[in-house]
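Lettered A, B, C and D in written order, each chain numbered from 1.
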């Protein structure tokens, strides 16, 4: 029993979970408002990481920036730019692929979403590369605070603790993700546009009658969701220093699982689900079952849905039929 | 069951066959070497340099009385090698009567689908890259060629994984002096096979395998959790069975991130993909700190007679450095061209000539001959280590696992 | 393309309407004997259509430009492989097209069927069960898997179902991959035994004809049975569930059982395809059954025309041939045609350097999006859809009649 | 009007339905007597539709229950979590045993067999849970699990219904819509359909005859092959009723069946309801918000306002009730 390793793994899980949660928020928001599983969302995240790559190469950034003011500016530029671009991409996708199908049978937009996902992947694949591509990591990846947890013994049970390293880049990602989530909550809860979003989600027609511009509201939802996915893309590039055209499918799949696990349509649930999935993954690796982790994640998803069809925090009742 | 359509089809087939007959011509006979490799999507970097090696061999080794061209088949579907497409391709090549021999396939599971067909048709295949032992050896090998058990129709110039895994264990235990190792594989045929052999052989040498985990196709970007768990077990060596595309470079890069950068790292020829300057190569992805202390083996002889000439010829023609399997593709084609010159373009004659164990073929890989299973008798593995001066892999010794002779690089 | 034309003309001649053929038959002279006649005729027309298509398709090799693509055996072999996807698409059509359930893990059942054959007839297990009973076993095992997945999840709403099936589709290959001891892991199970049927002769490895005829027969029988199901109480229940699940439940339809049956029947068809695929290829390995198969088959169903059994069959055939032959031939054509590089401003397009195979997913994606936006009924819409479009015109007229009546 | 001695067909007892803090229906009792038309009326937002959905089995009441023909059909669920546990319990027990045996070092072959047995049990229980045979339902009752009947169970028990906003199967023909309504009466199995047995063919032909008869009865002559969505509005309403009749109900629930109709259409519709009652002897529970519409044909009227029952009785009694007038016309209207 090594408390240090468990803490380290929990910290690893928080980092991965932060990224899943950011992506999951977009899924859950879009689902909440137009009841569409936006399959292209994972690929929006992937494109975000490539936008970061493009930006960094345009600025000629080669590696870690050690000068704090410059680093801060660079980070702000990276996030602002990528989030804006991806937000716009999301709006464009909504405008051309989903809006014409808003009153079509449910299956139709779902299938276009899959189509959009294919298109985004293939464009990146032929434009950049089939192989993993390096992205410079602007935050020195090995820099971090190393902490020695206290060691103690309970009766005959010795709890040891190897030192735990909290990498700055990971701390940054976790803090950023949490602040974005809080900002989103405030936006949805406290602003006029946020209210419009909520009312549209509850009853689109009623909201329309009350003077809410549905098209703008839905576009806004896509903008915010895609911008968050873009932020996750930047975080990914910062964390791993690499990206690939097909990371979107897998990350998207897990994030959607996170959204469903937490209760789709519920933003807190999405965040919770993201962290939960990351913990499951990390601790199956810790136990030496990396090769099974995917199967474990999806089995848990199926089990949760069997026992709680609305997800962990879901409130909306599933149709009984 | 349905007699009428059957009879009808039979007639159709006869008509079609009658129309398909060709007329004879004067001059050099046109023959083809079939090539079946993954040539699109993510696997283009594997197939493309290999087929270029074949083209170069045909250019440089003309055979009097024949004009040799290539019948090119791509076994990738949606960018990933696909056994079903491979089976279709070999069928096409069998159907093309001007094809007298085939180079390929690249991937083991494609070979599993193709071997029964080429064996049944008696069309010789030479794989430049298959290293899975089960394709030729033991009962699985025999099962694959059960329609003509005595007529080997599949040979390969790459040394099998069981030898390369031994070499990996040799590097870890002898060269790096590690007594404990952590093994990671990518759960794919090549990677897992190699990692399993490494684990067995490392234990045989006296080392301890402290852990063995695998990372499936959907987790190959994040190894931190796995490495944190591995780090706690204090391994003196980390061995990776897999290729760069399935996480080789990333694993090494993240080892540095979690503070395992000083631990030596080793892998097979799946991470032999060029210098640190080559985009997406192992050394490029792993980063400068990850490169240090990295070892790699290649399942081929290093001291080939004309290595420099081959490389410069290749570069002159294509403008790029040869790939990991360019020379192997070249060697396969060379063997076929020698057979063509000797026994003509009859498929059975070529097959018989190539697989006769007594025949020795001088190739760019040195002298190659095939054993009773169709495996190359060359069991030489070359060892490489990262060299900071050239930012590239540097050969330091090769070992012949048949004779046990080790040749060290000239200083 | 001539093969397409020949099939569609075969449909055109047959008095087959989707689903309601039998109803319509009963309505003309409303006698039971007439109903029986058309009921029989409809099933027969599937058999006849398949027989005609099977006989005509190999002739494609005589027609330029196809004659330049390869020998007749190559074509027949390709058709036999395409048959696997036709079966898959026809099965998925029941789930997606008729019952309106989005199943994104369909390849899992395909894998299960294929592995079932691998256990039944390979040196790995030591068993050598003949191919024909294995077809039934494979279908049954896949149906069981469909029930296992469907029973707990089919009470979920449609979108949840999509994600659960997608997850299941990911779990199954992972299990086959990692349960080394039972599945031979990543190497898969190879050297499976070939089918044998005295009437057709030795299947062997390189003669594609027996496989071609076998798969055509399997497709014909499967399509005939699915046709009959579609035109029955169960078929109507599927459509009702697709149209309005709540209303269907309020008409006494047990929606869960109905959906479960759609799931199981779709899965069993997939299992059939798996058994045939494994026997033809002689190999099963986990990497063959990834999500790309599920998504490709979905694209086939959508492109062919959801709900129209002939449409999806043709859609699957066409998509498969484009994927395995068309793009390759396009590459050869463009490379040999010597189209000069095009310069538009600073953009240089050199078509002869483009590998069209690299754009498969882009094409799928554009096709899916375009299809949904422009022609959601698919390339080969069913009669019902045509009727819908047609009825828009005279609906207005009938409105007025009614006001007066 | 003759007095009914027979027990009520449908009885709702102390029904309450709350959505979070909002109580939509509060403590409502009412009953439908055999052969009668009972109307449930009230102004907009009175909770009629909520009550109706509870009665039709679409949502569970917070409190109270609904009895149909003396059997409790709808109430809030009890111990619902127990059911999924039942599904995995047998398999779970076998696997626990397997795990124990594994720890004890028993041969692997036995363990593998047990794992498969567990898997088989899991499949079996899940299938049982879907099919719900009688013994399974009894077992649930013994365990104290109560779940409201699903809508389809309600139909099987004999409750047919229509919807306020028409919910036809838009892309199916009128005839097919009615055939779907007959689903529960048809007995041919999928296997019969696959084999085209004589039984299945006879049943199909007979059901088509019956369906056409029902369409005619509802006033839809020669419309059999029209797609439902192409029918004019009034005909869609009629088709819904024909479809509901096809379920062979013992009670018909009609949710605002004349909404959006002009007076003459409404009058025709009312005539149809009277005929259904007299010719088919079928009790009807009618929801309306237009009080005048129902007065002519109802035997009994229940008036809701703000989720509470404010009046009940014959049309004349209700018409005279001050609270009803107040609810409809506002305070001080008297």
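Here are a few things to note about the model shown:
Basically, contacts are C-beta pairs under 8 Å (C-beta built on N, C-alpha and C of every residue); 3 or more make two chains touch, one makes a residue touch a chain.
In this text, all values refer to a predicted model and were calculated from it rather than measured experimentally.
Among the remaining chains, the Cα-based centre furthest from that of subunit D is the centre of B. Here the chain at the heart of the shown protein, by mean C-alpha position, is C. The distance from the centre of subunit C to the centre of subunit D, with each centre set as the mean of the Cα atoms, comes to 37 Å.
Between the Cα centres of subunit A and subunit B there is a gap of 39 Å. Taken residue by residue, subunit A touches two or more other chains at 125, 253, 291, 294, 306, 321, whereas all remaining positions touch fewer.
For subunit B, the set of residues touching two or more other chains reads 41, 44, 79, 187, 214, 216, 218. The residues of subunit C that reach two or more other chains are 152, 170, 174, 177-178, 246, 248-249, 255-256, 358, 360-361, listed in rising order. Every pair of chains meeting the contact definition is listed here: A-B, A-C, A-D, B-C, C-D. Considering their complex, residues 19-20, 22-24, 26-27, 30, 32, 35-36, 39-40, 43, 144, 147-148, 151-152, 154, 225, 228-229, 231-237, 239-240, 243-244, 246-257, 260-261, 265, 384, 387-388, 391-392, 395, 398-399, 402-403 of subunit C touch subunit D. Across the complex, subunit A is touched by residues 41-45, 79, 187, 211, 213-216, 218-219, 221-222, 224-226, 228-229, 232, 244-245, 249-250, 253-254, 256-259, 279-280, 284-285, 287 of subunit B.
Against subunit C, the residues of subunit D that register as touching in their complex are 56, 58, 84, 87, 119, 122-123, 126-127, 129-131, 150-152, 154-156, 161, 163, 167-173, 175-176, 179-181, 183-184, 186, 188, 190, 192-194, 196, 200-202, 204-205, 208-209, 212, 224-227, 230, 232, 234-235, 243, 246-247. Partner subunit A is touched in their complex by these residues of subunit C: 96, 100, 102, 149, 152-153, 155-160, 162-164, 166-168, 170-171, 174-175, 177-178, 245-246, 248-249, 255-256, 291, 295, 298, 302, 306, 358-362, 364-369, 371-373, 376.
Subunit B meets subunit C in the complex at residues 1-2, 4-6, 8-9, 12-13, 15-17, 19-20, 39-41, 44, 74, 76-80, 82-85, 87-88, 91-92, 94-96, 108-109, 112-113, 116-117, 119-121, 132, 134, 139-140, 143-144, 146-147, 187-189, 192-193, 214, 216-218.
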